[in-house]
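Each in structure tokens, the structures are laid out below.
One chain, chain A, links the two complexes that follow: it is found with chain B in the first and with chain C in the second.
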Partner chain A sequence: MDTRNGTKESALSRNLFLKGTAAAAATATVGFPAIVRAAKSAKSYPALGTFPAGVSGDTAMIGIISDLTGSYSADGEDLVKGYKLAIKHLNGGGGLVSKVPTLSGKGVLGKRLVYKIGDSETKANPAVQAATEFIERDKAIMICGDTSSAVVIALAKLAQREKVVFLSGASGSNDTTGKDCQRYGFRSQPSAYMDAKALAPVLKKELGTKRRAVYLVPDYTYGTTLYDSMKEFTEKIGWTTVNHYLAPVGTTDYSSYLLNIANSGADVFVNIEFGNDAVASTKQAAQFGIFKTMQMIVPNISSYMPDGVGAEIMAGVYGTQDWYWGLAGNKAYPEAAANSKIFLDAFLKEYHGIYPRWTAHIAYDQTLTWADAVERAGTFYPPEVIKTLESGHKIDLCLGPVAYRAGDHQQIRPVPVLKGKKPSAMANKDDYFEIVGMVPGAEAVPPLGLFGCHLPGYT
Partner chain B sequence: MNWHLLIAQLLNGLALGSILALVALGLTITFGLLGLVNFAHGVFFMVGAYAGLVTFERTNSFALALLAGALVVLALGIVVERVLIRLFYRRPPEDQILVTFGLAIVIVEIVRAIFGGKTQLFPMPPWGMGATNLGFLVYPNYRLQVIVIAAITLTAIYLVLYKTRLGLIVRAGIDDSLIVNILGIDVTKTLLAVFVIGAMVAGFSGVIDAPIVAVDPDMGASVLVESFVVVVIGGLGSFTGSIAGGIIAGEIISITTIWAPDYAQVMLYLAMALVLILRPQGLFGTEGRL
Partner chain C sequence: MILRAVGDRSTWRAELAVALFLIAFPWIFPAIGGYANLATRILILGLFGIGMDLIFGYTGMLSFGQAAFYGTGGFVTAYLLSTGLLHNTLWALAAGTIVAALCGTLIGYLCLRQAGVYFAMLTLAFGEVFYFLENSPLAKWTGGENGLPGLPKPEIPLGFTTLHVHSNLALYYFVAVCFFAGYWIARRIVRSPMGAVLRAILENPARAAAVGHNVPKYKLAIFTIAAAYAGMAGGLLGIFQGYMPPDAFSIDQSGEIIIMTIIGGAGTLIGPLVGAGLWSYLREALQNLHGVGAFWKIILGLTFIVLVTLFRRGIAGGISDGIGLFRLRRAPAPRTDEGTA
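Let's look at the complex of A and B:
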């Protein structure tokens, strides 16, 4: 090392020293918790995934994957709105951020959150490609999103391989936290099993024990596992399963399936279709006069299905949703009422009167949950964040206190059971459902290991 | 064997097929007469559905909605042909595919920006509501009416293209543009006319199909794929072929659904593959003709 370089270096270190002093002064004024956090983050972790490259500057990047096109794009649009609002609140305060003690409203661990959005087209390949770019090019510290279980499972596998935390968007398949569960993947939506288990007692009470059910099923992991769970729990209450028909995602004309269904002799039509497919199949079922002889059940009602088919058809339909805005200020459900109201109001304000759907709720609550975990871990180092999410610590958001289960990363959370309102009973044009009940998470979750989850390692 | 169900599915295949034939017709016209591979055909279908939807919401008249669907796409067709497509008639098919594919993406995204991605509800016209009890099945009135509407439309277009002076000029202009030019007829106008008729039929069928299917910006994509299958089965550029191809495709989907619903689409592509192997020009296609 020659002298000139030496001079430069000492000038540099003087600069750094001055900056460090300023930083220390700033820390002192912020107060004790910040010092504890600073001390924690001072603990050095090895490089893993996009850590620490992704958080070496003053920003942390989130890679959002969603269905901007394809059969589930309406749900995908709502999902993105939820992420954007969560990021806005985490960076600038507002909404439920003020209700979570660890969150400052000034970014996460002092890093301003930035994001990019990739289109999955409701297909695994484009989703994985977009996520890979976010990870490799943008050093995304967390990836999240999508509304198809097939895509979510593919993204979780990528996350596990790349060691980047992934929060699934809308995903109902039992496999997501079952045989395809990942250490790096987390799911807040109720699984198919939870939906079916929550729904069955209501169906027994309202529709009796001697029903004959026929199913229309989207032909992939979400559809087939939801069919399996619905079959299991409805047969337990005495129902008969007459038949089920698998249709590819993106089918536009369901007439040939519906003729089979009309001829099946069933008196309950369980429609498992999702997104635009749910709308198309239900509209067409009405045209075939199916609802004159059959009661419809939609175990997991897509965000915009009621808008697409109209309230007349949705009236009297039983189903579940991850969250429904009718929880806001709802005195019957005090645990969810206040926080749901805060989220609803913030969303309505941000999007000029557009109501949030449950997909936006998943995005919003999960992003805050992740941010809380990072703050409590005191680092973005993925294994520490994951261990914090696995700790069983409950966070109080729109559904009341909820936590992920350590063994399979399924969130233990209540399941809202809904019934479609008659058009005359609707208070406004988005008031499609009455909430029949909220089944506690602990009652609805499958026993750990039922669907074959073995979480891979942290590193 | 449930004979009721079989007859019901046969009838349904006919209804499905008549819509498919109608949609595929526009593709066949542009492909057969202009030799243009138009990947934006599905987009014309979608734009027609949206134009019809907007009109129907404002006027509550399905006839006006049909007219709007056809006219808006007619206007769109003129613009697209003059600005873009006319430069590609003499370019290789891969250039045509790329440019029309790109055009489709642009138009879909514009529609998404205006209307959003979510499914729009296109109400059934009052005369199409309800279902008819045929004794062995209850079948939606509208789908029965669609068979009639499709038959009338297909006949009308056939008459225009094959039995009128205009049709004669159009076909002559495409077969030998030099001679037709010498005769004092502007060939560029006939090319435009053909392209626009093809687009218009797509827009028209978009409105017809809208009360049955869900209206969303991506609705043209699956229609495009099915239309190509129909055109391949029926024969490239064959008018009769698009009708036969449509009905064959409709029947394959319907009949397969009775026994193996999850194989309905597979059977459709299997049929297409068989046609390509045994009769590459399609059932009604003429060898060597585009």
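Let's look at the complex of A and C:
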């Protein structure tokens, strides 16, 4: 019995072996070039994270996490529009994809990009939940998104643990590329420090050196680090910090904070609130009559804040944004003008006349930057993609040539400083700002290591 | 109620059914687009919900502050594991559960002096206090708005060997064992004399006191047990995702567990699991439906309104009522008359 079974098995395996050899020989003659190409691109990297499982077929999956609902949902919607447009261009050509030599407009490394979107509700847990599913179930080769630094940091830590590249959406906290920096996380938005440093000289010139500032601060990493940086740089130009008030994200009634702010004796109101909270707090501040006595500064102006509060309130407000569509075709800023125009036109066409905001810009430019890095690395293997992103190679997109800093993964890029236009000066209903200046990235970035970044390992 | 009393011979049937379901769930779930991680999440919420059901479905106390214990258990477990103070996952989980139960005793002692809507308001207030504590004064330990990342995958030393729970399916069965233990204990509680007293309190607290039961003591005991369930579920959440989120403490979390319990069927123990399953599954499915996007919450809300209107005792309650009706119809004619009279 045993022997017979044994004989049968070995006969069977010999048979299989013969068939296999024949098949291999057939493949070798017919599909030899294809195999050589595959071998070259795979270069026998070990399995890591979702590599190579996520790119074994003819598609590569991108997991997008954004605020479809929640306190920052207006910004989250714009962010999603940016990702969708970038993926459309990477798959089918168009927009800035035609300006980047490495990008073919036929997917990335020949893989068509597919995506799924998960709602973070501006909370860490749903975001981590969605990202985990994208990684575990869909084998996402890259994850990206969200508009809250607290959520972005949670996602970056998840990405580090799971060894999947993460491109942060809107995140202004110094911690994102400071004490919470991750090897697998990249951030293109200016940090709080960069916003404050870019803004301070303008404030000194326009508002003088003897100002008294009071702050309304969202109570999490973004708010507190932006407050710290604004305090540091405004005090350097001679301003006094009267007080600051911390409010939880998603606060609906700001009256108790605004009452204190109205009575603080300050003449500058620095509103650090973001998203829907920025709109709610500013509208309520107007009801308190705060703007009759105080100048408002919004160090990082949310995508849809001007639409929410109206141009009358935004007129004369100073602040920064990651990008503003007014750069498109703007002769004063030749480095950004042409590419911004290409992005603006493509976006207006895709979304039937809706103007892109800076959150869409982050999504669009970062996705292209990632695709370019994958193409130049010649593989999706995460450490190689990361090393390519860290190489200092500049990519010419909406803001002109930009690159990530290897030491903390902060993008070195110019910071646009804006001032709200009077309603009478607006050329169209989206023309909320004049661009006061563009501070070069190298001047604005904090010295490496200031915020305690120690990047973890590649594997 | 009659059916429950009749079930003496079938005491083990519910446990067996639940055990079989737990074993099979990750294998049948993919047929409708589910997957192991989602199943694990559902079990964690189901375990949290058993505690909610014990106080709400069986004793009639509506607490809006259960997230306080969910978060407490979660953060204690997460802190112990992420700092490396404890390496044994089970000890950390036990520590989280015990601390949550102790908080339950304290909060229960303070809140249970009131009943009805006043009790609900007090638990709501304490829930918010805990959220605030986590976010600001205790941020050094809890990570504040950032939560606690970096929990290692579960390691369970059994003396002779150490279990490394790494794959998604292994994690599911780890949580499933915890869920089953929780379900089994809850069944023992509700079928014990204590369970009878709890139901008496639900139906008429004054009469329960009049016949000599120490109502406040029973309420405090079950409130503490419910807090322990919440704490254990919170601990499992952190272990499962490797990250303990601050929103475990949020008022939304307290609200969600109430909705899941009611949708699934209060007073059934298994109802919260059904509710959590429906909630989590629809949440995923709707978000991935083309064109739904940000409207998933509205559709989910409308679905729940319909369900609450259709099933007054929740889905599990509705099903058990349906089975009861079916049995009555099939019974001999005279008994049917009695039943419907």
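For this structure, a couple of remarks:
Heads up, the rule we're going with is that the second predicted complex is superposed on the first by the 418 of 459 C-alpha atoms of A that agree within 3 Å, B and C clash if a C-alpha of one lies under 4 Å from a C-alpha of the other, contacts with A are read in each partner's own complex, and residues count from 1 in each chain.
Operating definition for what follows: a contact is a pair of C-beta atoms (placed from the backbone, for glycine too) under 8 Å apart; a residue touches a chain by one contact, two chains touch by 3 or more.
Remember, predicted model here, so these are calculated numbers, not experimental data.
Overlay on chain A: chain B and chain C clash in the combined arrangement. With both structures placed on the common chain, the touch criterion links A:T69 to chain B and to chain C. When the two complexes are overlaid on their common chain A, residue A:T209 makes contact with neither chain B nor chain C.
Looking at the shared chain after the overlay, A:D119 reaches chain C, while chain B stays out of its contact range. Once the two complexes are laid over each other on the shared chain, residue contacts for A:V249 go to chain C alone; chain B is not touched.
In the superposition on chain A, A:E77 contacts both chain B and chain C. Annotation for chain A, partner touching more residues between chain B and chain C: B. Using the contact criterion defined above for the overlaid structures, shared-chain residue A:S56 touches neither chain B nor chain C, since it reaches no partner.
In the superposed model, A:R137 lies in contact with chain C only, and not with chain B. Judged by the touch definition given at the top, the superposed model places A:S98 against neither chain B nor chain C. Contacts of A:T221 after superposition on the shared chain: chain C is touched, whereas chain B is not. Once the complexes are superposed on chain A, the part of chain B occupying the same space as chain C corresponds, among 5-13, 95-103 or 149-157, to 95-103. Residue overlap on chain A between its contacts with chain B in one complex and with chain C in the other: 68-69, 73, 77, 219, 248. Put simply, chain A touches chain B in their complex at residues 68-71, 73-74, 76-77, 219, 245-248, 250-253, 255-257, 259-260, 262-263, 275-276, 279-280, 283-284, 287-289, 304, 307-310. Those residues of chain C lying in contact with chain A across their complex are 35, 37-38, 41, 135-136, 144-147, 149-150, 168, 241-243, 245-248, 250, 284, 287-288, 293-294, 296-297. On chain B, the positions that touch chain A within their shared complex are 2, 4-5, 8-9, 12-13, 15-16, 19, 108, 112, 116-121, 124, 131, 137-140, 142-143, 212-214, 216-219, 222-223, 253-254, 257-258, 261-262, 264-265.
Across the complex, chain C is touched by residues 68-69, 73, 77, 116-119, 123-126, 128-129, 132-133, 136-137, 150, 153-154, 157-158, 161, 180, 219-221, 248-249 of chain A.
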